[in-house]
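First chain A sits with chain B, and in the next complex the same chain sits with chain C.
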Partner chain A sequence: MKRSRKTLQPGRQRKLLSLLSLPVFAFLVVPTLIVVPVALNNSRYITFPPGGVSLAAVQGFFADQAWTSALSASMQAAGIAVVLGTVFGASAALGLHGRKFPGQQAVVGLVLAPMIVPTVVLALAFYQFFISVGLVGSIIPIGLAHAVIATPYVYLTTRASLAGLNPALVRSAQSLGAGMLSVFRHVHLPVILPGLISGALFAFSVSIDETVMALFMQSPGATTLPVKMFTDIQFNLTPKIAVSSALLVTVATIGLLIQVVYVLKRRSTARMMPLAV
Partner chain B sequence: MTTSVIAPATHQPSTTAARKGAIDLRQVRKTYGDVVAVDQLDLSIQPGEFVTLLGPSGSGKTTTMMMVAGFEEHTSGSVMIDGVPVDSLPPRERNLGVVFQNYALFPHMSARENVEFALRMRKVPKAESRRRADDALDRVGLSGLGGRKPRQLSGGQQQRVALARALVFNPAALLLDEPMAALDKRLREHMQEEIKTLQKSLGISVLFVTHDQDEAMAMSDRIVVMKDGRIVQSGPPEEVYNHPVTDWVASFLGDTNLIPATVISRDGEEAVVDLAGLGTGRVRDRGAQGERYAVSIRPEHLKFRAGPDGENGGAGELTSSTNLGATIRHRITVGGHSLQLRELSSDAGASGHAVGSAVHVGWDADKAQLLVLEG
Partner chain C sequence: MATATLERSRPRAGGPSGSAWPRRRRRGGWLLLLAPIVAFDVLFFLTPLGKLVASSFTGGAYARVLADPLVTRSLVNTLTIALTSTVVTVVLGYVIALVLWRSGTVMRVILFAVVLLPFWTGILVKNFAWAVLLQDNGLVNDFLQNIGLTDAPIGLLHNRFAVIVGMVHCLLPYAVFPIFSSLTAIDGRLALAARSLGAGEVSVFRRITLPLSTPGISAAGLLVFIISTGFFITPVVMGGPGDMMIANEIDYYARQLTDFSGAAALAVILTVLVSVIAAVYQRVLKAGGHHETL
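Presenting the complex of A and B:
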């Protein structure tokens, strides 16, 4: 066996790794965070570097009915996407778990398709579909479309957590007298809950972020925040755009933090329990 | 490791009421495509009886239990509990307590919540269900540990919780699927005794599945030996052990000496056989029919003799002696056969044979069993 001379000690390897990772990390995060100082700028236009600190733009954002209604439209669409996407994705994961039937892979592919099909294709398809069924001019079609693209995320996170399910638990609950609903509540739900939560957060951020479909199906009163930003940035370069960006970054960060805290809490409770054998 | 003893049952089953828990399988068959997992099985478990399905993996023993529990649907035949066919009942309506191989405790529930689960499903009032769960935990020696989560309990304690959970709702019978497989040897032996004591005090019928012949011997009222989806032999442990019907059963239930035999005459109880190289002798017979026969003599039933006296034996040479602690295993070549003789270490001093010396060995006629050579 030839020993590589380039082998480093584990401690030095780690240092080198973090040294290399830092610029990558900065490259990924810093451009996003630039919106925060811009939003807190005291200028009437978008400028960088900012001249001075002021909450004027933030106040202006919340005073402007066009922007607040866009925020509310986004929240409504995200609400529909989270609820329906979670129900669809979790049902698909539970229904396909531990089963084998002909065409199963095709069903899985169908569930995952919204992740793979280009958004603009989906947007056009949804646009035509909702026009043909006469469901336009409200936030509902946007929410429904977002629910479809959120479903694969919930499906994947739920499926991952179901991998840890001991199938004997289902049988033992049945032998103790549990019906289908009780088995779901006492056996499946505790196992898939982490997957459901992270899936729901994914669904939320997918919807909040989605622009193309929301642009196709926009209407007065159904203009989401990214759409409002996109249209405004072409004609009306105000710091309110930066404020809404900062708002989205904040929401995404909160979502991420919830997940981190949840994971850490589970880990620490797991560690507190001595593993008796 | 917990070493507490099962507390006496606080609620003795009423002896006046007709005892329940009879399980009957009639011509039960299970196929997976072309594969026959269980073939035309007939089995009756009497109320209060401890019956063990013993067999290697793939013998159909677990499938049989799962069909009784209702998790597997049989292809044909009928399963009855207390005389009522349950073929169309889902598991939750069969009222059977099941203990699974790795206990299958609900990990997010405390021990008490696990035990209470069946009562919750039966809508038993909270106060009563809590009292009954605590009683059940007392009975398995886990008083005071009800608040612990399964992962905070040792393997033996988890198994006790699983037992309490399976018993708390007064099931018709208890089904145990290799419940001791995950425990170490000492704890396993301890739990065998505890489960047996508990079963006797409750008078509950048990269907037990294992591939461990010692466990089957130690616990059962009746052992049902299975192979390839069929029952090969069924009877009390001593009978199955001492009077196996085939060489396969004899070898599966421990060590044995098999001597090829030619039947000279037989009357169903006793047979006169010619043992190649060992002369003729009388052996026990259970009337099993086959093409080729052999005589099985357990190593502990083969004895050293002082001289060439009596039938059923012969002269040979001691080829090896291995001290196994409690017992000593000798190998003796007699009439062209290499036989195993096992004696207690404490008895060895008296005989004191040296390896290579000439010895006389023999056996009692009622300890030699005529059986069918398979395959």
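Presenting the complex of A and C:
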């Protein structure tokens, strides 16, 4: 159907549309990409376009203990979020796959609900809650909070890959004497693996970029990269913020490239829409 | 109990036809799979939210916050900024979705990547980039001076314009996805029929593409509006003192005034606002016969 539409489309209008949309695409992508050259600027001030290339800001970033400890706090929070989010999200998708039971909608709703609640509301709720249980002051509450909001993403990506599972495979494995763990390892795991990987990537990206919760629950030893950036940005635009941004853009690009390769292999752009999986 | 169930269903599962195979056989199994996530969400999601709601009803918090002129102003700010950003986002998102829809497979993947790059990037990175571009000696001001539009840098940062630019940039992917899916649902033969009857490109768009993609537009509009009501970072980084939104007010009450019940009341107000809009959103989706987007 797509092919027929293509041949129908008169070339001139298509070119005009592409031309008109060019500024919009530039608007989308240029600001994200400029942070890399800004980070490699040789000036002590933030300028764009940069005067010359230098790694001074990058070295400055890694020599600054405040920034490196922020980086390590971010990695720890993301580690907790990825592990918990992947385990909980995937088990929810497996547990809900192909089943009907009373209250199922409620469980699905509960699994997806953290996506819908505004982050600032959750941040306040977590802040109050973790203060009341005496957990604030380490990276653990931030990691747990990130796991809560990352889980729905893993659930959605895993559910999407389970949709392609042929029930006959499970049945044959069981009839051949496979136990539950064995069925999971040899039947479910290969099917859900792409969903698991992209879900884990999402979880990582959600955690590493999340600012509001991490800001509310920050403490001297648990200040994440975005929180450090947010605090510094309000005073001055420094090259170290640019280096931190470039780092995060690099992570985003790697995640995106993995996704693109996966999509090109599957030939389905639908999988690129995280909200429509 | 789980073992008993397994025992009873074993002969059935082994049978050659066995249509009820997985449900019966693994009843205990799926409960074990669902237990961790339900326990986790009850403990670390519902409990904190429940405590938040409970604390909002203490000490006359609602009366107190609603009497605060700063709160009223931030509510007005939230609605006007969210509405403006939504309109701009949906219009630009429509253009992007249209181009995506009309490109070939490879081009489509490339353009999708362009849409997804900001989606994968954190809000702080994007706002920082905009701050660099819009600051007094930034690229945009340099450009405006070079082409002779102004002599001195004009203040592009720390005002409402900057907030909306920053927000639209973050929101665009959310508008593109629903619009794109409603465009792909359009039967290509309709445009073919219209053209064979002599319709030009503009009239095909106006009378076929646009009306048939309205479910996507309304879905995108409501989704974007809901997300935009909760913005916190952008007003601080890119806005001025007069551009604070409700989320900033929550932060102010919680961390500056340490008035937790007041902050909780504001959070409940924001959530109720968003939920009401989400309910409308669901209804519009149903009325439009649009398939599930979540």
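By our rule, the second predicted complex is superposed on the first by the 236 of 277 C-alpha atoms of A that agree within 3 Å, B and C clash if a C-alpha of one lies under 4 Å from a C-alpha of the other, contacts with A are read in each partner's own complex, and residues count from 1 in each chain.
Throughout what follows, contacts are C-beta pairs under 8 Å (C-beta built on N, C-alpha and C of every residue); 3 or more make two chains touch, one makes a residue touch a chain.
Bear in mind that the values here come from a model prediction, so they are computed numbers and not experimental data.
Novice: Under the stated touch criterion, which partner chain does A:40 make contact with: chain B (first), chain C (second), both, or neither?
Specialist: So A:40 meets neither chain B nor chain C here.
Novice: Identify the partner contact of A:200: answer first if only chain B is touched, second if only chain C is, both if each is, neither if none is.
Specialist: Touch status of A:200: no partner.
Novice: In the superposed arrangement, does A:179 touch chain B (first), chain C (second), both or neither?
Specialist: The answer is first: A:179 touches chain B but not chain C.
Novice: Determine, under the contact definition given at the top, whether A:121 touches first (chain B), second (chain C), both, or neither.
Specialist: Once the two structures are laid over each other on A, A:121 reaches chain C alone.
Novice: Mind working out whether A:187 is in touch with chain B, chain C, both or neither, as first, second, both or neither?
Specialist: Only chain B; A:187 stays clear of chain C.
Novice: Looking at A:166 after the superposition, I want to know if it touches chain B, chain C, both of them or none. Which is it: first, second, both, neither?
Specialist: A:166 contacts chain B only, not chain C.
Novice: Would you mind checking which one, chain B or chain C, touches more residues on chain A?
Specialist: Touching more residues of chain A than the other partner does is C.
Novice: Quick check on the output: what are the common chain A residues between the chain B footprint and the chain C footprint?
Specialist: 171, 174-175, 273-276
Novice: Would you mind writing out the residues of chain C in touch with chain A in their complex?
Specialist: Checking each residue of chain C against chain A gives 13-14, 18, 21-23, 25-26, 29-34, 36-38, 40-42, 44-49, 51-52, 55, 92, 95-96, 98-99, 102, 104-105, 108-109, 111-133, 135, 137-139, 169, 172, 174, 177-178, 180-181, 188, 191-192, 195, 201, 223, 229-230, 232-233, 236-237, 247, 250-251, 254-255, 260, 263-264, 267, 270-271, 274, 278, 293-294.
Novice: Enumerate the contact residues on chain A facing chain B in the complex.
Specialist: Residues 166, 168-169, 171-179, 182, 186-187, 190, 273-277.
Novice: Where on chain B is chain A touching in the complex?
Specialist: Listed in rising order, the residues are 69-71, 90-94, 96-98, 100-102, 104-109, 117-118, 121-122, 149, 151-155, 157, 165-166, 169.
Novice: What residues of chain A sit close enough to touch chain C in their complex?
Specialist: 1-2, 4-6, 8-10, 13-14, 17-18, 20-21, 24-25, 27-29, 31-35, 38, 46-49, 84, 87-89, 91-92, 94-96, 98-99, 107, 110-122, 124-130, 132, 144-145, 147-148, 151, 156, 167, 170-171, 174-175, 180, 205, 208-212, 215-216, 226, 229-230, 233-234, 237, 241-242, 245, 248-249, 252-253, 255-256, 259-260, 263-264, 267, 269-270, 272-276
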